[in-house]
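What follows are several structures.
Both complexes shown next keep chain A, but they swap its partner, so chain B is in the first and chain C is in the second.
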Partner chain A sequence: MVKALVEPRWLVATGVILIGLLLIPFGAPLFYIYILSVIFVTALLAMSLNLVLGYGGIYQFHHAVFYGVGAYTVALILTRTSLPWWVALLAGPFVAAATGLIIGWFCVRLTKLYFGMLQISLGSLVWIIVYRWYDVTGGDNGIHDIPMPEWLTTFQGAYYFILAVVAVCVGLMFLLIKSPFGATLQAIRDNPQRCEAIGINVRHHKLIAIVIAAFFGGVAGVLFATLERSVFPGLLFWVLSLEILVMCLLGGWFTFAGPLLGAAIVVALRTVASRYTDYWTMVLGIILILLIFFLPEGVMGFIQERAAAKRTAPHPQRVEERSGS
Partner chain B sequence: MDPSAVISLLLVGLARAMILFIVSAGLTFVLGVLRVPNVAHGSLYMIGAFVAFTIATAFGQSSAGFWFALILAPLVVAAVALIIERGLLSHLYQREHLMLILFTFGLMLILNDLVKLIWGAEYRSVTPPEILDGAVTLFGFNIPRYSLFLLFVGPLVAVGLWFLSNKTRLGKIARAASVDREMVGVLGINVSWVFAAAFVIGCALAGLGGALVAPTTSISLGMDLTIIIESFLIVIIGGLGNTWGALIGSILFGVSQSLGLLFFPQFAIAFPYAVVVIVLLLRPRGLLRSAW
Partner chain C sequence: MLRVENVVKSFDDFTAVNGAQLTVADGALVAVIGPNGAGKTTLFNLIIGLFKPDRGKITFDDKDITGLPPYEICRRGIARAFQIANIFPRLSVFENVQVAVFAQQRQSRNFLQPAHTLARAETNAILESAGLQHKARHIASALSHGDQRILEIAIALGSQPRLLILDEPTAGMSPEETATTMSLVKQLAQTRGITILFCEHDMDIVFSVAQSIMVMRHGQTIIQGTPEQVRQNRQVQEAYLGGADA
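Then we have the complex of A and B:
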């Protein structure tokens, strides 16, 4: 049985947006091209987190580790070895996925808050190694002026490269969610006990999901390194992980495009607010608390709820609340 | 290696563990009673330290200033906590953990910028009172007096918390409410105010920790970021909501850091994290029984 994965109108909308994004560098100032590139990278990071968080119900509290590992892999290979640039860019996601496998292997024994806390402690261990191992990682100075091929160092070149990679990754993530594996993952989120009872290896599925999310987080890290050509320990600090969580919340978990929207809003707001105030984090904090009180399903969730007011199926979040933790 | 130096180092590590314990005891108390993982706990600790600085400075950094700061800073933090609880948090108890974590993260962002707004980004310090300044020689070991003071205050707080939750009416209600909030409410007890009291007590301990740490370190923005992650880990390895677990966790944390300093100074801060990983591998739900 062949069923269309996407409604035609959404396909058309996506195509129009993509063509628009392809045309932007011809007219826009360099600054906007750069900000859009940052948004794409951040959006990929947030969407990769949402794979496990929104669709898997896994408390992935330290996702930034995989982002940082991907970025540092690129930086280290390009500054410490003479391997070509494309090897470094390819290696990043795989090293991040391997980190995801190790951290995930420990974490999947636990659930919910315990899972999240163990992940934060394991992730902090990675952070400390990066932060303290001056001889290799440059410690808190980070690594700067990473050599890149000429065409990647221009704003336009980086923009198109990032746009292409992010588009492919988003497509792959979409297919993954629509695949049998994605369906199983969502079933595990909604009722782990029942999944266990019908013979699904819950831990195994969670681990695979974490590795995949780490891989895409690593891709985002690689793109960050190519765009900024520098890396620093803040990339794998736990505060960044919580910021990504905020993006997912803002856009709306349980929706595919929500984190993309959330990342775009946060990056845009940060860019605008930083011009007028030194207290951007306070602005973010106030927005976050307002969200929790008035828009707990996020912007996308709100729009979807409005659009499908007659939907009868219970919302996944409520199912989770009912089953308790 | 000089054995007396080793023992001094261990004692200083234990003294630092006492501050960790006081902060994480507050965190675990809030977790146990309210089920709220309070990410802003570290910010309240930082506010405690800055308030202690302001009070001590108002008294010209004299001995009296320190003692006033030690008493008043936790009270100021408690007042801040009361406003947060009544104004915001009390409306959110029914939400899931993820939302509560993000709520307290939002609080942390706001509080940290408020600290920056009020006290600025400079480094501040508090002078310890005269009787706690310098070092004493005990059984041939050189030990800073302030460390001895901390080693005295830590257990005092532990016993105080134990007394509060086991021997007082408030503590008993709080423990009952953490198991079944609705049932306690049905019995005609105002659960809402019990929760408020528990939150305020927990946060006041963060303030006390901040005031206690003030003379031992430079007070600055960012001091909340390490303490919060450390105290979360301590709470997790001790068993959520378990005060004695927090004590054991803090001691493990402080002592392993001292041992790390002895053998691998560069990676000393990695040692406690490694201990956490080992503990959680052996006992995924913490060393002692969790209140959950």
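Then we have the complex of A and C:
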């Protein structure tokens, strides 16, 4: 009894949504096209974090570093060299993955919170280099007016480019978590010690996962650079890492699409909230508190739980709450 | 097949295993017995590489495996089921076993093929011999304690081991679950030819199933021999069988 990878109705739903998204630029105001582009980029960033966080149980507390590295790679290549634009866009994810390999190589020696603390430290090291090395990175000024090909400088052009890249990346990530590697990663999340005992080199698998997540984080960074045509040190500051962590928790970190939803909610709220207040992070903090109390499995986790409860009526198949740390 | 020679392991100033000796012949059903705290679980942890011995030597198929990491020892053909149900709680029963099969088939770094089409036959065969096939789609954490312990053994089988180590396979089980588990263990030994090393508190089970019994006390091996030899050993009678722990 072989089940299909995706149920037909989900395939249809995804198709309909994609067609809808393709049509949006024909009617929507530019501002909404731009906000949607930001949501796609942020969603890819959050989903790449969730590969290691939700599926690997790895406390990647400073994921924004790879986002920033991807974006800065594009900016530096296009402003300091005469290489063509596509080389820069391709280089971004690979430089981010290499950074992931270096940081991850040290971090996989530790587990749980210790992993997270070391990752914040090493990530902050990268941030401080970018922040203070004025000659190369422009320091806290960042780099602006990054030259891009004509078609990418319009809101519509950037929108379609970002939509296409994000769709491909999300597809690849979906295949990844449904692969034997993805299954093994989830087993490592559930019980690393048992994994060692069944012949899995846990550190090695974690490192591979971190490099892959850094790669997709780098893709998101590249997309940010193409959309905004400027980069600044805030892209790899820990506050952003916290924000994407909240997106994963808010959307549901044990679901595939949860972080996408979380990113959409956070970006939308930030857009609205910053009209009224300068203290956006305070709003974020309140969301986090409410989340911990009322939706520990996130919005998507909550919806899935409800759906499962409806399907199996009084059957207590609820997945047991696992302690976080 | 497996030889443990003079193995010593201390934690801070407590010596958990102090010169243990064990021989497991190919195809045998070997039991390790001893009072609580005798060092049985530590000995098993040393064999599968969770701990490194301070001294002594462990060989498997005449090759030295002392101090190798657990995944390496598993790949050589030793699998272990744990005393507590040590499963993957958020995965389905099927996936719990399948992940072990992937690891055994060196598929765990396969990135792009859909997992649900792979290793199905192997996984289903294991679930069937463990009697879990009708619960294949249940989430592991929702199983009963007894079923979780059986799943624990099924995960170990996923590694296609030649030597299976069971740490008190029937602890905390009802009499029916105990009977099911022990018949599973016997069936594995007889039909699949898996060598089995286990420890167990229930002396009736040990003396009815095991072909060879090793007795431990204070981390040391008192004797290893046939059930009859062990029963008649005076030291064993004083130390264990006649004692309050039996």
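Worth pointing out:
Please note the rule applied: the second predicted complex is superposed on the first by the 306 of 325 C-alpha atoms of A that agree within 3 Å, B and C clash if a C-alpha of one lies under 4 Å from a C-alpha of the other, contacts with A are read in each partner's own complex, and residues count from 1 in each chain.
Note that a contact is a pair of C-beta atoms (placed from the backbone, for glycine too) under 8 Å apart; a residue touches a chain by one contact, two chains touch by 3 or more.
Please read these numbers as outputs of a predicted model, since none were measured by experiment.
In the superposition on chain A, contact is made by A:Gly199 with chain C only, not with chain B.
In the superposed model, A:Leu175 lies in contact with chain C only, and not with chain B.
By the touch criterion defined above, A:Phe254 lies against chain C but remains apart from chain B after alignment on the C-alpha atoms of chain A.
Applying the stated contact rule after C-alpha superposition, one finds that A:Gln186 touches chain C and leaves chain B untouched. Once the two complexes are laid over each other on the shared chain, residue contacts for A:Arg109 go to chain B alone; chain C is not touched.
By the touch criterion stated above, A:Ile289 is placed in contact with chain B alone, chain C being left untouched. Residues 317, 320 of chain A lie in contact with chain B in one complex and with chain C in the other. Remark: chain C residues 48, 50, 69-71, 74-75, 79-80, 82, 86-91, 95-96, 98-100, 102-104, 107-120, 138-139, 141-142, 155-156, 158-159 touch chain A in the complex. Of all residues in chain A, those touching chain B in their complex are 59, 61, 106, 109-110, 112-114, 116-118, 120-122, 124-125, 128-129, 132-133, 238-239, 242, 245-246, 249, 278-279, 281-282, 284-289, 292-293, 296, 317, 320-321, 325. Here chain B touches chain A in the complex through residues 37, 39, 88, 91-92, 95-99, 101-103, 105-110, 112-114, 116-117, 225, 229, 232-233, 236, 240, 266-267, 269-270, 273-274, 276-277, 280-281, 284-285, going by the rule given at the top. For chain A in complex with chain C, the residues that touch the partner chain are 2-3, 5, 175-176, 178-184, 186-187, 189-191, 193-202, 205, 208, 254, 316-320, 322.
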